[in-house]
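Structures are listed in the sections that come next.
Across the two complexes that follow, chain A remains constant while its partner is chain B and subsequently chain C.
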Partner chain A sequence: MQVSDLGDHISRRYDQDLEQLRSDVLKMGGLVESQLQSAITAIVSGDSELGLKVAEDDYKVNKLEVDIDEQCRRLLATRSPAAGDLRLIVAIIKTITDLERIGDEAEKIGYLASKLAAMDRPSDSYRELKTLGNHVSVMLRDAMNSFARLDVDEAIRVAQEDDQVDEEYDAIARQCITFMMEDPRKIKRSMNVTWTARSLERIGDHAKNICEYVIFMVRGKDVRHTGEVDPTDIAD
Partner chain B sequence: MQVSDLGDHISRRYDQDLEQLRSDVLKMGGLVESQLQSAITAIVSGDSELGLKVAEDDYKVNKLEVDIDEQCRRLLATRSPAAGDLRLIVAIIKTITDLERIGDEAEKIGYLASKLAAMDRPSDSYRELKTLGNHVSVMLRDAMNSFARLDVDEAIRVAQEDDQVDEEYDAIARQCITFMMEDPRKIKRSMNVTWTARSLERIGDHAKNICEYVIFMVRGKDVRHTGEVDPTDIAD
Partner chain C sequence: MSELSRKFLIGLFVFLATAFAVGWFHGEPLIGLLLGAVITLIYNIRYLLAFERALRNDDFAIFRYGDGIWQYIFSQYKFQRTRADRHKATYRSLLREIRRSTNAMFDGAVVLNANNEIIFCNRAAKNLAGIKRKKDRGRRVDNIIRAPALSKLLQSGDYAQSVEIPSPLNPDVRLSCRVAPYGGSQKLLFLRDITERLRVNKMRRDFVANASHELRSPLTVISGYVDALVDYPDLPEQWTQPAIEMRSQTQRMGRIIDELLELSRLESAGLADDKHFVDMGSLITRVSEQFSIDPDHAHVRLQIESNDGLLGSATEIESVIQNLIANAIRHTATDGDITVTWRRLDSGAELRVSDTGEGIAEEHLPRLTERFFRVDRGRSRADGGVGLGLSIVKHVLGRHEAELSISSEIDVGTRFSCVFPEHRISEPFSRRSSVHG
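Our next item is the complex of A and B:
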């Protein structure tokens, strides 16, 4: 074996390791998406059992986070990645933290679904939570797609969706206060609806964070805390 | 200059860089602690102006996060740290994310303080929020001390405080629901009290996360998601 072959081999192995890492992050994203979808279904259909299953399954998300974290540290220690590879690994360390916290929010929604299932249901089956839930669910899926394709334009578009999600959340929270003031017997249910909406709103925040890491990873520029994620701000 | 001198010089410079990094994290921790303290004072004393100042000053926390993040990436790229140094840097990347989110919660509490200041005040001046606020404030300070001194025993002790914080939060949330049911005119105020308590409870979570990074950094073992942070689980 010549030195150049060895170099190739090492480099191929390194590429494979990076590819494996990316693929594991996407797997974790897929699992979190499916947890979120189940949690929304549990709320809308009043399925207490499904809600509790989501809560129980959160350990799977946590396990993936610990595994991926370890892969990242191993690559940092053994490969001394530079430039784009280093940005990829740092972005992944941050992305999995946000994915894990989306998992935590899905877990909370699962518990809230089981509480709501035991209460009187409104005639519209929590339509507003379904709408908000689907919105953040699409945001999360698109954020992970932008990660998979390193698509900065998509990441910017998805990050900007967060303002809309915040408005939808505010509308639900205000409506809940109105319901509670009109009929104090609805206070407990309305509180659970508010908590669910709040968890969904936070999932939108985490999806936005992931988009910002994608932009940083591709462009090498940190766009967090710069106000709006503005395309002109991160032009090449 | 001899090679060995150069080696020493490079190593000294590296040590200085790591020391600077640790010192900046502690500075960020100090700023976040002071933001939290001001936010609690604003709630308790009904000081709307102070609450809004806390909210406005959050950009200082964000700026420190971005600066430290950049230092971490520079060290990873130029020094190829291994073992303990690598764990330190990875732990710092995570710690500053939690500190930044504590800053976000303090910002929210600042806004809530300005809302509460415009409402009728209860005779006890939100004593329960003051108690919870002081508790998480001490947790945060102790978590940062355990980071400064790499004190695993202290980190374990502080992480275990989080259960107590959760109980205090639950008690406040339950009490708020009772108040709202007794007197619907108190609904808006009680909601703001609930949100404040929730933000404080989350600050406790973030302080616990920081303790878990300290344990990981010193022992090289990831104790997240292992259930209780149990001293026997992370013995040498």
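Our next item is the complex of A and C:
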């Protein structure tokens, strides 16, 4: 049973290559998702070892990016794809860049987690970071799901969620500034918390980008930098 | 040729021959033949039209009687179709039953084809992992459940083991995945929610760790005073012995707590890292020397047949060797023999401690590595064993992916064999001097 959304080419090999390429992107997505999840766990539970492990494992994400890039180049050179296939490959090239950035942010969060673990922990054990982190990782998961299922409606919904993430980030940043003004001894910790929140917020942006590539891939419409993503605008 | 076709052909031939004969009688044989052929054609076309009408109205009553070839064909058609319909209905209701029963299962089940594409999944799979039955049919399962551990399991082809992954729907829910291959290249993927089990396990581990930790501080105070008491010069004569006994018992209690803490640490830790080289030869030699200070026990012989070392944690492996030797000494008479062997196997390497002691009865072997399990409750407490040694051995070996097998024969001896896998074995680095025992 082949899913027909990659089309049927005369060359079966071409179909397989495209399917493989897409699976590899999703594999990379899965790796990034688990990296992000571990990084959030490291922050919340104050597990410095786990945080360092996340930072160390980032090379796996980078390696996958290079591999997929290579595959895309090969397909572009040998098959000269057109229309939907071309959009797929272009979207993949862009998606993996964003995934790799998310991996980098997760690495950063891992480092920060190992630093925060060595400091005093607030009584709420970074609840607001956990909320933001969960929100962002759900966004990333749904973005990858919409990529897997080529589900434009889902992609639109996820892209719109980014505004909420931005709001949560603003709230954390304001809170941290208040803490720093109240007690200069908390500046170091609050800075680290701000940076973590900043990284999470960036991950939300990257997830939104991935959704936009999915819309581009399926509908052929470029919805970047057009303000609000408007569902009626992208109707078939 | 069947009876029916023969009859049909003969009938046709006889009719045409008669037409030809009648024509010939009238002097125009060819026109007679032509008329005969046209009549035959009209006769057969009528049946064709009647069949079309019967198909349209689904009424085959007109073909029920008669024994011509057309009646036969049409009644056969009707018969086959009724039978097929009946079978289809049976299969459909059977399928519905199967689907209903699989939906009633608590575990998620996903049927996969050779390319790991989803063919079918039940409701639990949807609730646990967010697989959509219609939308995801034909998609690769590792595209939907993207946990790296699962795709590794599917690619490895080694379906004996299960992996634990976070649920794609909720990272706090942990799923255990198992793959069962069947019917050639198809696979069945099982997903089970093990969050509760993990939570209970963690609670138990935390309890043991916290309780041991809490016990340690009062014990430190007690043992401090007891030490002072033993050294007190004006201690009445009749209290000297009890004080010494108190000291040895508090020390023993401290040891139990230390080992419990060590055990709970080992339990919660993952695999030991495989970056550090442990020189087994010199480690075994060093550990056995600790025992030769006190000559009042069975002789410990070393058989170090390989320079290769182990990749893992030296302190943990040291405690394995120490526990195994101490255990052997406790259960072997002073004139017995204990042999510690380190040797390469075809794949991997073996650490073996065998003694010529009293042996362990068969029925106790499976429970030997349980905490505080004692074969003979009264006896072994007196000789200083804590009851956690073999438990620690088992967990350390688990962390080093090794397998522990115990074989024993009453009054002949016991053999503990730890087999380490090949990728944990390393040749000594060139700059290290290897030590032979």
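Please note the rule applied: the second predicted complex is superposed on the first by the 226 of 236 C-alpha atoms of A that agree within 3 Å, B and C clash if a C-alpha of one lies under 4 Å from a C-alpha of the other, contacts with A are read in each partner's own complex, and residues count from 1 in each chain.
The rule is short, and it goes like this: a residue touches a chain if its C-beta (ideal position, glycine included) is under 8 Å from a C-beta of that chain, and two chains touch if they have at least 3 such contacts.
Quantities reported herein were computed from a predicted structural model and do not represent experimental measurements.
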Review point. Which of the two partners, first being chain B and second being chain C, lies in contact with A:T97: first, second, both, or neither?
Key: first
Exercise for review: With the two complexes superposed on chain A, say which partner A:Y59 touches: chain B (first), chain C (second), both, or neither.
Suggested key: first
Check your understanding: Where does A:R224 make contact in the superposed view: on chain B (first), on chain C (second), on both, or on neither?
Key -> first
Check your understanding: Of the two partner chains, chain B (first) and chain C (second), which one does A:D69 touch, if any: first, second, both, or neither?
Key -> first
**Study point:** First (chain B), second (chain C), both or neither touched by A:A83
**Key:** first
Study note, to complete from the structure: In this superposition, the partner of chain A with more touched residues, chain B or chain C, is B
Exercise for review: Report for A:P184: first if it touches chain B alone, second if chain C alone, otherwise both or neither.
Suggested key: first
**Study point:** Complex contact set, residues of chain A against chain C
**Key:** 1-3, 22-23, 26-27, 29-31, 33-34, 37, 134, 137, 141, 144-145, 148-149, 151
**Study point:** Residue numbers on chain B that touch chain A, as the complex places them
**Key:** 59, 62-63, 65-66, 69-70, 72-73, 76-77, 80, 82-83, 86-87, 90, 93-94, 97, 177, 180-181, 184, 187-188, 191, 194, 222, 224-225
Exercise for review: Flag every residue of chain C that touches chain A in the complex, lowest number first.
Suggested key: 113, 117, 119, 130, 132, 135-140, 142-144, 146-148, 151, 166, 168, 171
